[in-house]
Amino acid sequence: MFAQHLPVLPIILPLMAAPLCILLGRSHLAWLLATLVSALSFVISVDVLLTTLEQGVLSYAIGGWQPPWGIEIRIDTASAMILSAVTGISTLVLVYAKESIAKEVDPSQHTLFYTAHLLCLTGLSGILSTGDAFNLFVFLEISSLATYTLVSLGSDKRCLTAAFRYLVMGTIGATFILIGVGMLYMKTGTLNMIDLADRIAEFNGNRTLKTGLAFILVGVSIKLALFPLHMWLPPAYTHAPSAVSAFLASTATKVAVYVMVRFIFTIYGAEFVFHTMSMDILLLALAIVAIFKCSFMATVQSNVKTVLAYSSVAQIGYMILGISLVSSVGLMAGLLHIFNHALMKGALFMAVGAVLLRTGSVDIKAFQGLGKQMPLTMAAFTIAGLSIIGVPLTAGFVSKWYLVTAALEQQQWVIAMLVLLGSLLAIIYIGRILEAAYFKEPSELTAGKDIKEAPMLMLVPMWVLVIANIYFGIDTSLTLSAADTAAQLLTQSMTEIEAAQ
Amino acid sequence: MNIWSTLDPAQLINLTIVVPLIGAAFIALFSQQPNLREGVSIITAVVLFTLVLAVTDNTFSKLSMETTWVALFPGLEIAYSVEPLGVLFALVASFLWIITTIYSIGYMRGHNEENQTRFFFCFALSISTVMAICFSANLLTLFIFYELLTLSTYPLVTHAGTKEAKHGGRVYLGVLLSTSIVLFLLAILGTWVSAGTLNFTPGGVFTQAHSDSLVALLLVLFCYGIGKAALMPFHRWLPAAMVAPTPASSLLHAVAVVKAGVFSILKVVIYIFGIDNLSDIATTDVMLYIGTATVLLSSCVAMTKDSLKARLAYSTVSQLSYIVVGALLASSVAAAGASLHIATHAVGKITLFFCAGAIMVAAHKKNISEMVGLGRKMPITMIAFAIAALSIIGLPPMAGTWSKWYLMVGAVEADKMIIVVVLTISSLLNVAYLLPIPIKAFFNTPSGDQPAWSWSETKEAPLPSLIAIVVTTTACLWLFFYPQPLIDLINLIPDVSTELKGRP
Amino acid sequence: MAEIIDLVLLGMLAITAFNIIFIKDLFTVVMLFGIYSFLSALIFVNLDAVDVAFTEAAVGAGISTVLMLGTLALTGRKEKASSHKTILPLLVVCVTGAALIYGTLDMPLFGDPDNPAHQHVAPRYIEDSPQEIGIPNMVTSVLASYRAFDTLGETAVVFAAAIGVLSLLGLPKRDRATIQSGLKSHLVLRVVAKMIIPLIVLFALYVQFHGDYGPGGGFQAGVIAAAALILYALVFGLPMATHVVPPRVLKALAALGVLIYAGTGVVSLFLSANFLDYSVLAEDPVAGQHIGIIAIELGVGITVFAAMLCIFYAFAGQTERKNIQ
Amino acid sequence: MLVLSATCIAILSVMALALARALKADTVYDRILGVNMFGTKTALFIALMGFLSGRPDFLDIAIVYALINFLGMIAVLRFFEYTAGDENQEQEK
Amino acid sequence: MIEIISSVFLIVGAFFSLTGAVGIFKFPDFFTRVHAASVTDSISTILIIFGLILRTDFDLVAVKLLFILIFMLLTSPTASHALAKSARHGGLLTLAETRSDKKVGDD
Amino acid sequence: MSFIVDHYNYWIVVLLMMMGFYVVIAANNLVKKIVGLNIFQTSVFMMYISIGKVNGGSAPIAAEGITTYSNPLPHVLILTAIVVGVATTAVGLALVVRIKRAYGTVEENEFEDKEDLI
Amino acid sequence: MLLLAFGIISVALVLWLLHRMNNTDAEIQKLALNLSFIRYTMWLLGQVVLSSLTVTRLVWGSRKELKPTIGKLPVNKVPKKSRVLYANSITLTPGTLCIDIDNENVTIHALNEESLHSLKRGDMADKVPGENKGVS
């Protein structure tokens, strides 16, 4: 009965579950509801992904109003792929959160935590599903507001200033996007993405549209923490509760990257962005600087969460790099990395959260000797860390492989080499932590404490992600075909233009 | 001699990789019972060797052996296929693993090392990856196991857990990982993007259609990317890794790591570039001269080292470059010499390391200057040392003679007289830094300012170690007199031959 | 005439904004911000956006200003002079501004009926919505039916804000006027407030139910109703207000409103139509649309009222606490 | 129509004057006075504009203006009740 | 006819309104300015709203205008009063007090 | 000349936006930052509403005798955006209150100093 | 029909809310809408006109006439329930402004002394409607 309504369900299920959580009142009921709803959304989005692989794009007219008059839900493979990752991670994080936030968040706020989490999920699903430029802004703001709340739930008071900075930057970003969308509307009279794409083609080189693009890109860059607009991210991820860091790091910024892809490839078209505006050079340069600067920053931090946060910014650099290579393979590598990075960062932050739970600290000193005390957690950390580095047989290798391949196809040897050099920095910052865990004696932070392995509810989601990391590093057929289909769809116009020339 | 003949030949490859892994699992399982643990180690090593013998047998009977594990990317799999060069390396590695295991038992017990389980465990793991490297069917598989080898030997290097060991480990890991990721992987990807395949193909994968500069660049990337070959200036990891316990060093230098490096270079040269095409590549000569320079320079450095292990390490750097030079000479004879050198240098160098370890265990000496007069107390060890040193130098009747001979012939064939000269000088340098050690040990007496050491406490090394030393020394001699099976094997390698070809 | 008014108002806006930059007294800044909101609402009226003006006046000048004052009461009203960073922000602003000016060069002429924006999607709303939806206010038609999904998102945003503020500040406890607070010495004020609050609530309900025909709707009604109770709380003190409308009820109401909205959409799912397609809610599609709009406007109104009041309670609870200490 | 326009302009200038007062004031109370005056005049102005544009059914907005203006005033007064204590304390220190 | 009356109302209302605005600049101290503001506020509101009412068809619009009028007449003096009271409590002195430093007429 | 007349509205709006934007990024006080944010957003709303204006048009509420209406779509969008704006403001101010409680100050450079000490 | 229903619901809601408010603060104010009230309103309107004329004269005239004074008036004559009206009326009448009101006195600010004196004569207090005049 609901088969044709599936595209809209991942949005409205969490949206309706959020107020229900408040009405339920009890935090464990809220947890149960949130987890179930999230899992249901995950199942639905996987189904949708498989459907898009078979049938192509799914379109759903909200309210029965045909686009461009009404709002359209439009899910193609790229959206469905990231949607599956987001809902999947959300489910795992929720399972994980029960034990994690029990220590880090005040009990009176647990229900609010789950509500905010569901709202955030609603926003992210909405961004990924919608086919309307303004609707995207609305969902962006739902997720952002929920995110500010989630970040501010941290136990350290610095989470407040982090959340505030995030709020200010995020709002500036959103307002920039709003300005850009306004300019688009001004010139075209429509907000539907497909309709926009059709109409923009007439205006190649129009100054208003150029400015609109510039504002959208800057706005999205703030949201996705592209260097040098990333300053809000490290403190936010460092001081947020671990479950929140795990969720945000693996989903929120990735969804912003998706938004960028959407605007560049679907709405404006690669021709406009890269040819008329030459954005590829700028993005490329920023991506490279991001990779190096932030990887380097990650190597000198003592707080492991900050290390991972900087690493996230660097990894975003890889995704942008893939986009800026202006090729189907590059885009595919970027999309693939969005998906894979979600798996690894999720697992890493979960492991760090487990360490925080048991040792009470996330300083690198707290990790010393944990290889023996928390073997399962640290093993998970190790594997996910290897994935970040891009060691073969992990998911991270696959995306880096395609990234370098894409660069080489464009004869960009230097860039290919820089990507690989970036991995070296990853080795250093992950290696430092592993060295502490396996080759050092417990420091004064943990010495004499009886440190147990993390509880089951935390280990299971963590290991699910770790296994996913290995699985998608070895059996790449699903991710590759999805990313490839998605990239082909998105760059369709580009190849047509090339063919025409 | 093929006790596995009932088995599907393709399964043999899987077994060679899996058997050490199973062994490793059992080693971990029996961590509390040292005897059982070491028993398992030896049994695994022996089983593995029989497996490799079976593979050799099949190779001689021209049976093709291939297997595919998974397809990582479309058109790109983790796959194995047996070819003669890999078999040669596998033979050497699996044989020496047995010996090293026996030696380790004596060494580790005699030295009362900690974490012995971890040691044997990692040992088994690294042999497993070496086997995978030997039989890899494409560059991707080779790369993956190349990296795994680095990682699985890292705990061996830092085994001691001291600050120095950690520093050494960091250099080891840093150099090997960075070269392999930044250069080797880049080269692999470059090959993939331009040639469209990574499979090892006799005669090479590049065609005339590929731009010369690209191929030239790739060659440089490969040579430096395979950091385990210790081409200068990326040789620093080798001396740094000397902090490892001696059995580990011997494994690193003689068996697994460095040999994996030069093996990879040989394999890339033969199966990716093709020996015949090599001379057309612009950068071949450049790399060749870098190789010869490494030979000379590291020999010179070796002379300045007083620490025995450090001297041996630089000697290894020098000897590895022989193989690189042989590979790059673009001559089938030189390539054969290089291949043979893998085996001969392996037995020679492992003997030297065993001796060094034995001296450590028995006399607690590290520095050459302290070994004056040691020969009288440890005659077997020092005699073995002398024989192995001669083999390295390349004097008959030792195994090293043959490989050096072919190298020289190859250089002549390639019309590179300067290489011949350099090789000769280098052999002289070898004499200069290796021979003084046994001479001092046997013929010098301690001078006055040497601290007197109580000779009565010093005796020969523990029995297992001694057995190992004797076996490898015998091998050094044996290979001089009966090198034919190996040479036959080498002649099976496409484009490689010990016969001189007619000048074109 | 409209142009002159427009220009004068814009001029006043510029002056206000300019002063906000330099004035250090935050209290004045907040009051000027109120004026700014008022002025911009006037511009909205002048540019025919009456619904927007309605909202901006109620939200920007009303709720936002009250919240800002509440914050100032806790954080102090003087901005400290600081020497740091003026060049870089100025540079950023200049670059951004230059980009925008560059963008305006190709912009369609202001107010030209031939602009693309007026040619493509909007004509359908203007020409067909009175028949399709059956209500004269096109803004309400678009808001509640054509783009109902946006409005659902908007409701969720309000709900999210309430959740955020609650998690940050917490709700005050409902206690029966143990502490006298409010403007108790202002007798005149108390009496007048008592007289006008019912009027305001009545007005709010009028706006709620009249939104289909005139400016207004659920959102504006919710804000106005909340404003009535905020007024009550300001004059008579928070404990009194919490007694009239208990915080816990508000929390539930905020959730309920979202559920009503989304539930309306789900009902159409069950009637085998697309999400938020109201045509199936009654025999006649136009009547169905009307029912749907009333239902969702109710949802919006409830959520907005409850969320705004919740947020105010949370802030007021903080100031009360500070006063007690 | 002319009269309406004239009235509009008159009210507009009153608003401008009130704004000027709010910006340039001797005491805080003068400022508030200016703001209050501004608010009430704005409400009137909206009513006038409705008539000027021929759509007088937008008076609802004027009502909202009046209401919000009053609310704002009360909030300001309430604010003073709180901060007066603070300033005294600061002076004591 | 009605139009003329209405116009007169509007213009006079506007005049009072202006007077108030000038008053808040011209008067010497806060309390006197309150006089100017509050009194003219009331009268101008009454006049203008009545002027507008005369222009309607005496339908819902007129009712709304009346509503506005009542609302403003209730709130405007109240606000002025409350403000003056606050100012007084806040320690603001009248002009008379600052001039002569003694209270006048406190019998 | 007509160019100026046709665009003055946008230009002043841009000016307003930039003033708000300047306050956001230059202000040291968090409350002022929020005020700036509001000004910035409100100005953007004005830009949208300017897009929707049609000369000679009337408010988009159907009435007899009126044929030209302004474009209702930007109005709808901005209604939503205003709500988003106030929601952000509320959360932002709540954060400011908490920051004041935790750090004792709402001046950015002051609590930055305090964070360094931690 | 629908609108009517909504209207009824609205009124009911407001009444209910009002009921709740009254229950809590117990300051019930009742003002009878009777003849005296209307008469009072008319008188007040007149006063407003007068007062604005006064202010206008002062604004446009010279500042010399401006002699602001402040004073207190006893309010015990005025019934408690009508004091608010009284205060507002004072504010609206020419030249005077009610600043403060408590149980005994109102504080009044006047533009000139004459206005204050006319207030003190007390005709305002008589005009304010309310039951039980003179009883406090």
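Per-chain residue numbering starts at 1, and chain names A, B, C, D, E, F and G are given in the order in which the chains are listed.
We adopt the following convention: a residue touches a chain if its C-beta (ideal position, glycine included) is under 8 Å from a C-beta of that chain, and two chains touch if they have at least 3 such contacts.
Keep in mind that what you see is a predicted model, and the values were worked out from it rather than measured.
Shared contact partners of chain D and chain G are C, E. Number of steps on the shortest path from chain C to chain F, with steps defined by chain touch: 1. Counting contacting C-beta pairs between every two chains, the top pair is C-F.
With every chain reduced to the mean of its CA atoms, the largest distance from chain F is reached by B.
Separating the CA-averaged centres of chain A and chain G is a span of 63 Å.
Mean C-alpha position of chain B lies 69 Å from that of chain F. Taking the mean of the C-alpha atoms as each chain's centre, chain A and chain D sit 47 Å apart.
Once the centre of each chain is set as its mean CA position, chain C and chain G turn out to be 34 Å apart. Residue positions 134, 138, 141, 145, 148-149, 152, 179, 185-186, 191 of chain A each touch two or more of the other chains. Within chain D, contacts with two or more other chains are made by residues 32, 53, 57-58, 60, 63, 67, 69-70, 74, 77, 81.
Counting partner chains per residue, chain E has residues 20, 22, 34, 67, 71, 75, 78, 80-82, 85, 89 touching two or more of them. Across the whole structure, chains are in contact as follows: A-B, A-C, A-F, C-D, C-E, C-F, C-G, D-E, D-F, E-G.
Of all residues in chain D, only 53-55, 57-58 touch chain F in the complex they form. If you check the complex, the residues on chain C that touch chain A are 99-100, 102-108, 115-122, 124-125, 145-150, 152-154, 156-157, 159-161, 163-164, 166-168, 170, 251-252, 254-256, 258-259, 262-263, 265-266, 269, 272-279. Residues of chain F that touch chain C in their complex: 6-23, 25-32, 34-36, 38-39, 42-43, 45-46, 49-63, 68-80, 82-91, 93-98, 100, 106-107, 109-110. The residues of chain G lying in touch with chain C in their complex are 3, 6-7, 9-11, 13-14, 17-18, 20-21, 24-25, 27, 29, 83-84, 87-88, 98, 101-102.
Considering their complex, residues 6-7, 10-11, 13-14, 17-18, 20-21, 26, 29-30, 33, 36-37, 40, 43-44, 47-52, 55-56, 59-60, 63-64, 67-68, 70-72, 74-76, 79-80, 82, 84-86, 89-90, 92-94, 96-97, 100-101, 104, 107, 109-113, 115, 117-118, 121-122, 125-126, 130, 136-139, 141-143, 147, 150-151, 153-154, 157-158, 160-161, 164-165, 168-169, 213-215, 219, 304, 311, 314-315, 318 of chain C touch chain F.
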